[in-house]
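Order as written gives the chain letters A, B and C; numbering starts at 1 within each chain.
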Amino acid sequence: MTDIAAATQAPRRNRFLSSVAGFARQQPVGAVSLFIILAMLFASIFASWVAPYHPLDTDFMAILTAPSWEHLAGTDTFGRDVFSRLIHGARTALVIGITASLLGCTAGALLGAASAYFGGRIDAVIQRIVDLLLSFPLVVLALVIAAVIGRQLVFGIDMGLVLAIAIPIVPQVSRVIRASALSVRSMAYIDAARVAGYSHTRIILRHMAPNLVAPFLIMVTAYVAQAILLEASLSFLGLGVVEPTPAWGLMLSGNATDYFISAPWLIIFPGLAISIAVIAFNLFGDALRDWLDPKFTT
Amino acid sequence: MIARRTLGGRRECAFGPTCVAWGPGAAIGRRRAITSQLISANHDGQGASGEASRRPLLDVEGLAVEFTTGAGRLRAVDGLSISVAPGETLAIVGESGSGKSVSALSIMRLLPGRIARVVSGSIQFDGRDLRSMSDAEIRKVRGSQISMIFQEPMSSLNPILTIGYQITEPLRIHTGVSKEKARERAVELMRMVGIPDAERRLDQYPHQFSGGMRQRVMIAIGLACNPRMIIADEPTTALDVTIQAQILELLKNLSRDLGIALIVITHNLGVVARYADRVAVMYAARLVEEGAAEEIFARPRHPYTMGLLRSVPRLDRPRTGRLQTIDGLPPNLAKAPEGCRFAPRCPFRIDMCSKVPPLEPTDTGARSACFRWQEIADGAIRWEGEPDGGKVALERGKPLLSVKNLRKHFPVSGGMFGKPGVVKAVEDVSFDIARGETLGLVGESGCGKTTVGRLLLGLEDPSAGEISFAGTDLLAAGGDARKDLRRKIQVIFQDPYSSLNPRMTIGQIIGEPLRVYKLAKGPDGERNRVLELLGQVGLRPEMIDRYPHQLSGGQRQRVGIARALAIEPDFIVCDEAVSALDVSIQGQIINLLEDLQRRLGLTFLFIAHDLAVVRHISNRVAVMYLGRIMELADRDELYSNPLHPYTKLLLDAAPVPDPVVEKQRAARLIKGDLPSPVNPPKGCVFHTRCPMAVKECGEVIPQLEAKKDGHFAACIRV
Amino acid sequence: MLSYVVRRILMMIPTLLGVAIITFFILRVVPGDIVEVKMRGDGAIVSVEAIEAERKRLGLDQPLGTQFVNWMTGLVTFDFGNSMWTGRPVIQEIAGRFALTFQTAILATLFAVLVAVPLGTVSALWRGSWIDYTMRLVTMGGLALPTFWVGLLLLMGLLWAFNWLPPLTFTPFFSDPMKNLSQLIWPAMVVGYRFASVLARLIRSSLLEILGEDFIRTARAKGASERRVIGLHALSNALLPAITVVGLEFAFLIGGLVVTEQVFNLNGLGKLFIQAIKNNDYTMIQGMVMMFAAIYVVANLVVDLLYAAIDPRVRYR
C-alpha cells in the first residue's frame, strides 16, 4: 500500500524499478514464471550461441543415444541433438505463440471494444458472428483455417499457421473485452466526461482505454500459453510447423510410439518443454491479474 | 455496576405503560395458544413472568473483536458492553466502520472465522455464555432463540428455494414438525408480517418479491421459532422511506406484542428516535455513550453524540442555519489514536484525552466515555455554532433553466416469456429554476428523478418536451452553441467510488477540462488553478498527485465537486450527491455546496431521497412519484403545509431524530408497494395507494396546477 | 414452457444456416484443388482432360451458387453428399465412426464430473490448505500439459508396467463391454483430465463466491448445520454454472478429440476430419463442420432447458 503511494511520487525510472520489485514481492510465483519466460526468450534469441549443436546437424555415428553430458537430452533417429532442437524449438514456439496471441488479442480487443462502444445493430451483428465462431472447438477452427490459408512464409514465419491460431482466439477475446468495456462505459466517470463535453476520441483514449489495458495485458499473456499449446497440437497432427524446422509438437508426431522402450527421452523432453512454457505463461498471467486488480492496490 | 442497577430500574418504568396495555405475558399467551403444539421448547417456564422482563436477556461485557487483514491486525470492536431486556428495543448507532455490524455478528458467532476472532469479553444470553458454547450448542440458539435480519433483502434469500421452504427451514432445523404443520405455520407467519395471498405466494421464489416484501419474508423466517431476541442489522437501509416505515412498525409491534428483545443496528438517527428505547452510540470500534433514547437525544453527555445530533438536518423544522458539522474524518482503525478515539476531532479535547476514558454513569442515567461529561452536564462546555451565510436573494422572473412537458420512455424487453413494453420514466414534467436557486427533487427509487437529471445533462435524449437554458432551447440549438451551453451544466454523482477514473491522478482529473478548454495559461497556470480548486473544496494541496483509491469517500466527493467547478459551470445537477456518505461527512459536503453556491452564484438541481437534507438545502422542492411531479412548492410551505396526499404520507413515513416528537406521532403508513413503472395505474398514478382516492382518480390524470400562490399540486381532491 | 422450447428450436435454424454459409464459401477459397491433390498426389502425370472430367463428375464445374443450392437442398433431407475422396456418402463415413467418438466423449465427461465435483468442493471448503494447493497444482497441469503428450506418457507407462497396449480395433460396447472399455478408457481419462481440471477450478471459484453470499449467512443465522449450509444452500447454487460448462465441453469433445484419437490411433471422427483436411475433401469437411455445429447447438439447447428446469429465476423471467 505504502510503496505504491511512494512509487507514484518517485521519478519515472525508479517507479518502473520499484513496481518490478513490488511485483516480485507480492507475486513470488509470478516472478519465478517471469524469470522462466525471460530465460526462454533469451535462449531463443541467442539460440545459435546457447545451443551446443546445430539443430539440423545429423550425426549417424550417434543415432538414438541416451542423454549424456555430450547430448544433454539424447539424440534422435538422425543423430540430431535433442537439446539443441529443444532450444531452437523454443524460438518457433515463442515466435508463433507471441505473434498469434498479440494478433488475436488485438483484433479481438478492437472488435469487442467497437461492439461495446457502438452498440445497437453493429453490436448485434458482431455478436452473432462471434457466437457462430464460438460454437466450434478451438482445434477444429484452427484446422479449417490452416487448411484454407495454407503455408504463407513471411520473414520465415508461417503466417498461415499464425493466423490459424490467432483467428480462433479473436471471438473469445472480443467477448471478454466487450464485457469489460461495457462495464467501464457504465461507470459514472464516463458520464462525467460526457457531461464535460469531451470528444469521443478523448473519452475512448483517455478514459476508457487505460481501464481496458489491464484485462488486455492479462489476456495476451494467457493466450500465449494457449497459442503455444495449439501450435504444438497442430504440429503434432502434421498440419502446423513442417520439417525440418525444429518444433516441440513436431518432435512428438509421427511414429513416436516406436520409441517407448528404445528412446523414451524423445517423448519426455519435448513434452516437458511445452508444459513448462505453458505453465510459465499461465502462472505469469494469473499473477499479473492479481497484481493489476485494483482491489490489491488500494 | 451501580449504574447498571439503576438503569435496570429505569427500564422497567419506561416500559411500564406498555406492560399494562399489552402485557408481554398476555401477548405471548395469546400467541402460544396458536402455536403451542408447534413450539414447545422455547418459552416454557420463562419469559412470561415479570421477573424475567426485569432481568436483561442479553448481557454483553467488554466484548473485543480482532480482524486479521493484509495491513495487520485491527480491533473492529473494543470493549463493548450492552444489555437488552425482553420487549425492549436497543439501537446501536454509528457511522460505517464503527463496529456496529461486527458486534451483532459476534453475538451470533457468525463472524468469518478465518479473519475475525473474539478476543475478550463475555456474551450472556439468558444466563448462558454464548462465547463458550460448542458449535452445536450455538446452532441451537441461532434461529430458534435469537434471529437475525440483514441489510440486503435482495441477496439474503436463497434464489433457488421457494419462500415457503425458506420460512419453514428454521422449524425443520430446530423442531420435528410435519410438513403440513410447517406449511400452516408458514401461512400464519406470512399473515403476521403482512404478506397478502400467503397460500399462493408460499410456492413462489425470492425474485418474484419486491425488496420490502423480501424483508417481510426475512422477518417471518426470524419469527418462525418464536425467538426471544431479534437482531436487525440495518434492516431498512436498502429500502425506500415508505417501505422503511412499514417494516420498522412491523418489527416494533411484533417486539412489543410478543415480548421479543430487539436490537436494531442503524446509522439513521430518525429511526433510532422513533423506535428505540435505549441507544448505544459507537465510534471507531468503541462504545462512547449508552442510555435511554429520550435522554441521549435531549441531553447527550459525549461530544461525539452532541456533534452527530447537531449535524443532521431536521425534517420537521425550518432551516435554522448552517449545519453544524464535526471536522475531520473517523480514524483508521489499523492505526487508531491513543486514548480517546474522538479526541482528534473533538473541540473540547484536553491533555487528559490521551488516556482512554472509562464508560462512566452520568447524571442522565446514561453512561458516557468522556472525561468531561460533568462539564457538559453543567453547561460549561457548549458546541458553538458558526454563523449562517444564509441563502442568496433570488432574482425571480426569467428562469435560468426551464423544462416543459419533458418525457422519457425506455423500451424494455419482456424477458424469456414476457412481452416487450415501455417504462415511462419521466412523464410530462415541467419546472423552472431561477439563477442562484436550489430546486430539490425528491421521490422514492424508480420515480424518475435521476432520469430528469440525466436528461438535463444530455446523457439521455428526451422522448418529448423542451429544455431551455439561459434563454436558449437546448434541444434545438445545434453544434458548437449547444456544446458551449451544455458545458455550463455540470454534475456531481452519488457514488464517490465509480465517479473518478481510477487511472488518473486527482490533479489530472481536475486539470483535464482546464487543458481541453484552455481555461488556464500553460502548465503552471493549470497547476495553480487545480491547487486553487482543491483549496476551494477543502482538500490539501498534496492530494494533487494521489490516485482516487487513496482517498476516503468524502474526499472523493470533494474531488468530484472540484472537477465540476473546473469547467466554470452555472448550473450543477447534484444527483444523490451526499447519499452515500456518513452523517458527519454528509454535513461537511452540504455546507461546502452551500458555500460554493453563495460564492460562485451557482444554481443547483438537488436530487435526493432524504427529505430532511432536501429541506435544508433547497429553496423550492418538487416531489415525484412514478415519473410525474406530484407537488412543487417553497420548501417550508411544502414541509409544513403539504397538500398532496403522497407528500403528506411521505413526510409521515420519515422519522425525525427527536424521540419526543416521534413518540407523539401516530403511525400513518402508505399501504402497498410501488406499482411497476412498465404498467403504471391509469388516471392518477398514486390512486392505488392513496387514502383519499375516489373513483374519478382512476380515470382522470390530474394536472400540476397552482392551488395557492407558488404552491402546485397534481391532485383533484385538493 | 412448451412455446419456449419450440421457439428455442426454431432459433437454431438461423445459426445453422449461418454456419453453412460461412463454411461453404470459406472452403471455396482454399488454394489447393481436391482433384489435383487426388490425381496428381503422387506426382503422377494426368492429362488436363481427365482432371476436367473428374471435376465435372464431382459437380465442381458448376457455378458456386448452384453448388451451394444443391448442397443445401441435400442438407434438408440429411443428405450430406458424397466424399470427394472415397466417393462414399459423407453420412455413412460419419456413422461408421460416430459410436467410438461419442462413447469416448461420454466416458471423459463422466470421469470429469465424478472427479471434479468432489475435488472442486473440497478445495473451496479447505481453501489455503494442502488439499487446495495440491488440487490447484494438479489442475494447473491439466490445463497446461498437452493432451497428446499425456496420452503418450500414459501409453508408455502401460507398456513399461504391464507390457501391454490397448487394443487398436473398436469393439462396440454392447458386444463386449470389457474389451470396449479396455480400449476407450485411456483416451477418455486423458481428455477427462483436462476437462476435470477446467471443471474443478470453475466449481472451486463458483463455490467460494456463493459461500460469500448473504443468503449463506442467513442460513447460518437460522442455525443450519454446516452440512445443510453447504449441501443444500451453497452447492446447489454453485453447481449451476457447471452445467453450462459440462454441456458445452461435451459438445466440443465430439469434434475436439482430433489430437487424442491420433495418439491412441482410434478411427473416430477426429481422424476422419484430419484426413478430410489433408485431402481437401470439401464435402466431407462441410458435412463434418455442420455436424459439429449441430451438436453444439443441441447441447446449448439442452443446457438452457436444464437451467430453466433448475433455476427459477430463468423459468419465470
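We adopt the following convention: a residue touches a chain if its C-beta (ideal position, glycine included) is under 8 Å from a C-beta of that chain, and two chains touch if they have at least 3 such contacts.
The model shown is predicted, which means the values in this text are computed figures rather than measured ones.
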item	value
Pair of chains ranked first by number of touching C-beta pairs	A-C
Most central chain, Cα average position	B
Distance-maximising chain from subunit C - centres being C-alpha averages	B
Centre-to-centre distance between subunit C and subunit B (centres being mean Cα positions), rounded to whole Å	52
Centroid distance [mean C-alpha coordinates] between subunit C and subunit A, Å	24
Between subunit A and subunit B, centroid-to-centroid distance (C-alpha), Å	50
Subunit A contact footprint on subunit B (complex, rising order)	71, 454, 457-459, 483, 486-487, 489-491, 493-495, 498-505, 512-513, 516, 545-547, 549-550, 560, 563-564, 567
Residues on subunit B engaged by subunit C in the complex (per definition of touch)	108, 110, 139-144, 147-148, 150, 152, 155-161, 169-170, 173-174, 205, 207-208, 218, 221, 415-418
Partner subunit B, residues of subunit A touching it in the complex	1, 5, 8-9, 187-189, 191-198, 202, 206-207, 210-211, 294, 297-298
Interface residues, subunit C side, partner subunit B - complex	4, 213-215, 217-225, 228, 232-233, 236-237, 240, 308, 310-314, 316-317
Residues of subunit A defined as touching subunit C within the complex	128-129, 131-132, 135-140, 143-144, 146-148, 150, 225, 229, 232-233, 236-239, 249, 252, 256-257, 260-261, 264, 267-268, 270-271, 274-275, 278-279, 282-283
